[in-house]
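Following this message is one structure expressed as structure tokens.
Per-chain numbering from 1; labels A, B and C assigned in written order.
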């Protein structure tokens, strides 16, 4: 990429074989800058407007003369600064207040520099009336550089291009809500409290393992077939497992969810789901 | 320009463009501004496209020619995973549903009427249906009384979801009665909407309360993430 | 799931999503709904990402980690070709905007008055608005002093835009003791490419074209425009 092309406006571009001029003013090339920095008023207007305020202008003046920021010749800088302020006034540029405040500050520093140093005050930064100005210039300069650094970082759309591929045919999926066990338990606590179940007799709670075993047994047996009683037990579970299963069977029988059938004494015992066992209208119908 | 670089530019261009690119459009990238001397021919472009197409065989995307040109697209076989990028979170479950689920878990096998009896209000069919669709609850059988009401119980999926080995791992009713009432979900939301990034400049302590920093909130959030 | 498939899903997801994806977001693609039994661990995901990163070496795109996650992007070396896909050039930002942005990035949380104090000039509301609309800057809170001025900070989008993982990756803030390498020329050529409305001297830009004044600054300008 060719830098000249970027800076020069196409129409006013000089012949490519010529040495690029420092400035083009109304299409006219300037190969040397006037020593007193005389620039036609229109050019100056643009020039001045590119300063980001009095600190920026001061930094420019210091840099232009290769001066040390830590040892600014205040008198000279003030003179030049006032020159620009006068130019701005002459051009009737909107002279922002900040520029005038800075002019006043410079004038004050200048006058303090001229005063003889009172005896007893050692030479040093504290005594230098320029210290605060230098601090501000340094601080601003840091962020001015930081701005350039940030600008130079790879930018999306300029240096970095993100990529994407066509997505496959998809339906938007709806996720099932997440629930924590804690929430479920709190819900149970609520409903039990409401029903005053904690004190109530029929929540003599069975061990949950019995309840679970009841569900499991119901999953195995049905109304059409007989299931041999002994197959409900898993010997590997040991005594405790057998007890749980037995309690579950007894509970199921008590709730008329299961019946035991034995043809003869010492014959195998079978279990099955009772078919239409005769029962009175149960509570469930009262509430449905 | 060697064929590798040509392929790379084509790959990058097709992925960077938000629409398919024709061979002509690809060719246009190499003309002008004389970045390189000889722009690739149409044949070279087509060869590069074919090579890219082949390299995709083992990858997650494929190079397709559609009417307006070439584009990369995600392989259809990966749709099950990729589609989750766009999934929506369903609204939270109601209190009634959670109570019903809890009663089924603790009192199974249980009929709907028995649930209603304990809860004191009717249980909507929707709740039972939702629980069955979620595969947390199933019909174990029917109570042999008039109407043969279904008996509900929980499933293996229910246990898996809540990381339980068996129902016996659920807390006892006595333990439940001593549960504290802090709704866990609130913490989660809170940490989700916490607008602060991790890099809080703690150096500037004089700025006062950008976001809640009380001990309470901190502890709650920790607890929440432990639950989640 | 073997590592090839894992890599392909990650590749496809990163290319299908229109924003960077974090490891957590990638992990979420594999959870639940039992498409496969064992979701990959974070370590496996990171390994797959590293493998993808390596495979990109010979390709036109690269896998980059930025603040909000991983994203594929065109290799910077290919930008000259790829940028031709778009007729419009990327916007240039005014010095006023960049200085304000730099102050917010390096000194956050910071108020507008503090920015003005360091820059020595008023900050136009337009600049703050533009930075907020770009989602580079947001209000973090308010300083508890009269007027409750807003405290500004940068966002994840800011970091993503400039390809940074964290604020710590910003270029080091210089200590200024001499002005040897101040890029003075910025004053001279910025006005013509300045897109910001606060400097709208567009009537003048075709009258004057100022060139860099010294050799030093000339070199700087070349470097700057090479980025463009």
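Simple rule for what comes next: a residue touches a chain if its C-beta (ideal position, glycine included) is under 8 Å from a C-beta of that chain, and two chains touch if they have at least 3 such contacts.
All figures in this text were calculated on a predicted structure; none of them were measured in a lab.
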Item to check | Topology of the chain contact graph, where touching chains are joined (line, ring, star, complete, other) | outcome: complete
Next on the checklist: Measuring from CA centroids, which chain ends up nearest the centre of the complete protein set?
Outcome noted: A
Next on the checklist: Please tell me the distance, in whole Å, between the geometric centres of chain A and chain B computed from their C-alpha atoms.
Outcome noted: 19
Checklist entry - What whole-number Å value describes the gap between the mean CA coordinates of chain B and chain C? => result 28
Checklist entry - Counting in whole Å, what is the centre-to-centre distance of chain A and chain C, each centre being its mean C-alpha position? => result 14
Next on the checklist: If I count partner chains per residue in chain B, which residues reach a count of at least 2?
Outcome noted: 12, 15-16, 33, 61, 72, 74-75, 78, 82, 84-85
Checklist outcome for this item: Multi-partner residues in chain A (2 or more other chains touched) are 1, 161-168
Next on the checklist: Per the contact definition, I'd like the list of chain C residues that touch chain A in the complex.
Outcome noted: 12, 15-18, 61, 71-74, 76, 79-80, 82-83, 90, 93, 95-96, 98-99, 101-103, 105-106, 118-122, 160-164, 170-171, 173-179, 182-184, 186-192, 199, 201, 204-213, 221-222, 224-228
Item to check | chain B to chain A touching residues, read off their complex | outcome: 12, 15-16, 18, 33, 61, 64, 71-76, 78-79, 82-93, 95, 98-99, 101-103, 105-109, 111-114, 116-120, 122, 134, 140-141, 143-147, 149, 151, 153-154, 161-164, 166-168, 170-173, 176-177, 179, 181, 183-185, 227-228
Checklist outcome for this item: In their shared complex, chain C is touched by residues of chain A numbered 1, 3, 6-9, 11-12, 20-26, 33, 42-43, 45-47, 49-56, 59-60, 62-64, 67-70, 96, 98, 102, 136-168
Checklist outcome for this item: In the complex, chain B touches chain C at residues 4, 7-13, 15-17, 28-30, 32-33, 35, 58-61, 72, 74-75, 78, 80-82, 84-85, 196-197, 199, 201, 204, 207-211
Item to check | Touching residues on chain A, where the partner in the complex is chain B | outcome: 1, 161-177, 179-192, 194-195, 197-198, 203, 205, 207-209, 211-212, 214-215, 218-219, 221-223, 255-257, 273-277, 279, 281-285, 287-288
